[in-house]
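Just below sit the structures, each encoded as structure tokens.
Consider the two complexes below, in which chain A is the common component and chain B and chain C are the respective partners.
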Partner chain A sequence: MIYSVYIINKAGGRIYDEDFAFNRQAEEVTFQSHPIPLVLTADTGKVLVKFGATGNVKPGHSIIAVDRQAVTGLYTAGDRAILDVINDPASYPLTLTFGRTKASANEKLMLASIFHSLFAIAAKISPIEQSSGIKELHTEKFTLRCFQTITGVKFFVIVDQKQTGCEHLLLRIYELYTDYVLKNPFYPIDMPIRCELFDQNLRKVIEQVERATAYNSATLS
Partner chain B sequence: MSRSRSAVDPKRVSSELFSLTYGCMVAQLLKDFENPEEVNKQLDTMGYNIGVRLIDDFLAHTPSVTRCTTLEEVAEILCKQGFKMFLGIVPEVRNWSASKDKFSLVISENPLAEYVELPPHCQDTLWYSNIICGVIRGALEMVQMDVKCTFVGDTLRGNDSTEIEIKFVKILEDSLPAGED
Partner chain C sequence: MIYNLYIFNSAGDCLYYSEWRRKKQTDMSKDEENKLVYGMLHSLKSFVARISPDTSDSFQSYQTSTYRLSMYETPSGVKFVMNTGLELSLQSAREILHSLYKEVYVEFAVKNPMLSLQSPIDSELFRDKLEAFINSKMRE
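Coming up: the complex of A and B.
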């Protein structure tokens, strides 16, 4: 599964990012009555599960929809504070959708710059000359794979452990970038990418790769 | 150069349309700026803007190409792969300087200038295909190489050969991506 794709320009600024598997992790739970078995906090601009669990909902999940309507920050679509709605017995039965909220644009910008710096540091601390930067970063839950072009643009994807063919995927994304972004005469170089054609074609490629991976794992098992 | 019009790949434009388009553009520039020297500069700028974008296209479609460490490697890849991919020609590399920091590209069949005759008033000043110099300069700048690229002869001007001189100036240290220094 491909979670997201990021593109960083040569100065380290994020020029593109997209989440693909975002919606698939949403969990919808209907609570019949107050109180609910979860401890919620509203620290960081979103309502987070601090403690407690129900079904697949665990600490770390945040509320992304109330009664199937998407929320903005701490407020429902109807402009009521989410915590007020949850604490009001009259709201029940209440359907809450939990998931990971998308990082804000600023957070992503910061993460991209930090990754750019880490990439440079990795190249510098290499005991052997002329090392590349970070190519692969493994964690328990995901793998990050990065590709830097000779012109300094970095493409990286965040995928799960089962995903194969990332090298090929990164090259495909590079090709899409040269076609739909660079060949667009109205796109200023090194600026955030706002090209509809690039988005559409990237989605197609991601879907293709995911289908191929699903097919491969189905035939192997 | 192939002139067959049958079985044309719909994604490729005929080379004659390309030559016509380029020719119209140069003619219009001459009309607008009147001064051939100014047109040379404009063509170089246009070429530069093309080059900075074209280089990534070239690199994406030739993943076997790695960073060049010598000007000889640059010349080799430029002629045998770059020119081949985009113009369908392979120029000859000649006239290496003693310190190997300068060489010439000799183009035997220029697809841009196939049907062209220069008018007398710019016979001695206009470099018709100067866009190519801009493209090379722009493309190499994006891989952190500063070069000076100029025409030194053009068959359209009555010279023996169409020749571009490429001189290495310096590596652009400050924009080197991490891991490449």
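Coming up: the complex of A and C.
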């Protein structure tokens, strides 16, 4: 499963990012009565689970929907403060959906720049001469794979452990970048990419690669 | 091939550093380099926590075209950072770090009543056991 794609220019600024398959793991829980077994806090524009767990919901999850209606920040679709709704016994039974909140545009900008620096530091502290920057990064739950072009543009994808063919995927994204972005005479180099065709074709490539992976794992099992 | 090893405590001080086959030095003092590595690890941890599609994720390792850096963090905040060659798989590197923690650090550093573990580890026994452990891993 491919979670996101980021493109960084040679100065470290984010020029493109897109999330796919976001919150496929959203958890929906229906509470029958007040009080609920979770401690919630309002934290930088979202309601966060601070303590307590129920089912698959853990600290770190935030509320993305109340009674199946998506929320905006700290308010429900009906413009009531989420915490008020939860503390009001009259709202029960209440269905809350928990998941990861999408990083805001600013956060994504910061994350891209942070990765750019980490990439460079990894090359600097290398115990072997002529090391590249970070090509792969492994965590408990995902893998990040990065491809840097000769001009310094970096493409990186966040995928799960089972995803194969990332090298190929990164090269195809690079191809799309040269075809729909660089060959566009109105595109200013190193600026954020705003191109319908690039988005559409990128989505197609992502779907293709995901389908190929699903097919491979189905034939292997 | 194990190139070098850093051990940091939760405050960011380097408790121990050792290198075996390191071919390139950074042009910084040891102190500066330790701070840079710790700073990078700290940033990596928060980067991973934020960019992860799932909640509560933790950084394990990264690799470049020439080396792999693996990190093992204990619940008390002690971080073991090891740079290895690419021929060592991700799994092997993690196993080495885990065994290092279990067989060397806990046995000869934590259990030593003379060591404070907030300042650099100054124990010949620890150094010898660590070297022996790493050499045995390299011979495998």
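Criterion: the second predicted complex is superposed on the first by the 220 of 221 C-alpha atoms of A that agree within 3 Å, B and C clash if a C-alpha of one lies under 4 Å from a C-alpha of the other, contacts with A are read in each partner's own complex, and residues count from 1 in each chain.
Criterion: a contact is a pair of C-beta atoms (placed from the backbone, for glycine too) under 8 Å apart; a residue touches a chain by one contact, two chains touch by 3 or more.
All values reported here derive from a predicted model rather than from experimental measurement.
Once the two complexes are overlaid through chain A, chain B and chain C fit side by side, free of any clash as defined at the top of the document. By the document's definition of touching, of the two partners only chain C reaches A:141; chain B does not. In the superposition on chain A, contact is made by A:189 with chain B only, not with chain C. Among chain B and chain C, the chain that touches a larger number of residues in chain A is C.
When both complexes are overlaid on chain A, the residue A:31 reaches neither chain B nor chain C.
Look at A:75: by the touch rule set out above, it reaches neither chain B nor chain C.
By the document's definition of touching, both partners, chain B and chain C, reach A:133. With both structures placed on the common chain, the touch criterion links A:123 to chain B and to chain C. Look at A:174: by the touch rule set out above, it reaches chain B but stays clear of chain C.
Of all C-alpha pairs linking chain B and chain C after the chain A fit, the shortest spans 10 Å. Once the two complexes are overlaid on chain A, the chain A residues touched by chain B in the first and by chain C in the second are 122-124, 130-133.
Those residues of chain B lying in contact with chain A across their complex are 52-53, 55-57, 59-61, 63, 65-67, 142-143, 175-180.
On chain A, the positions that touch chain B within their shared complex are 10, 119-120, 122-124, 130-133, 148-153, 171, 174-175, 177-179, 182-183, 189. Residue ranges of chain C in contact with chain A, taken from their complex: 3-4, 19, 21-24, 26, 33, 36-37, 40, 43-44, 47-48, 50-67, 69, 83, 90.
Across the interface of their complex, chain C is touched by residues 3-4, 21-22, 25, 58-61, 100, 103, 107, 111, 114-115, 117-118, 121-142, 144, 158 of chain A.
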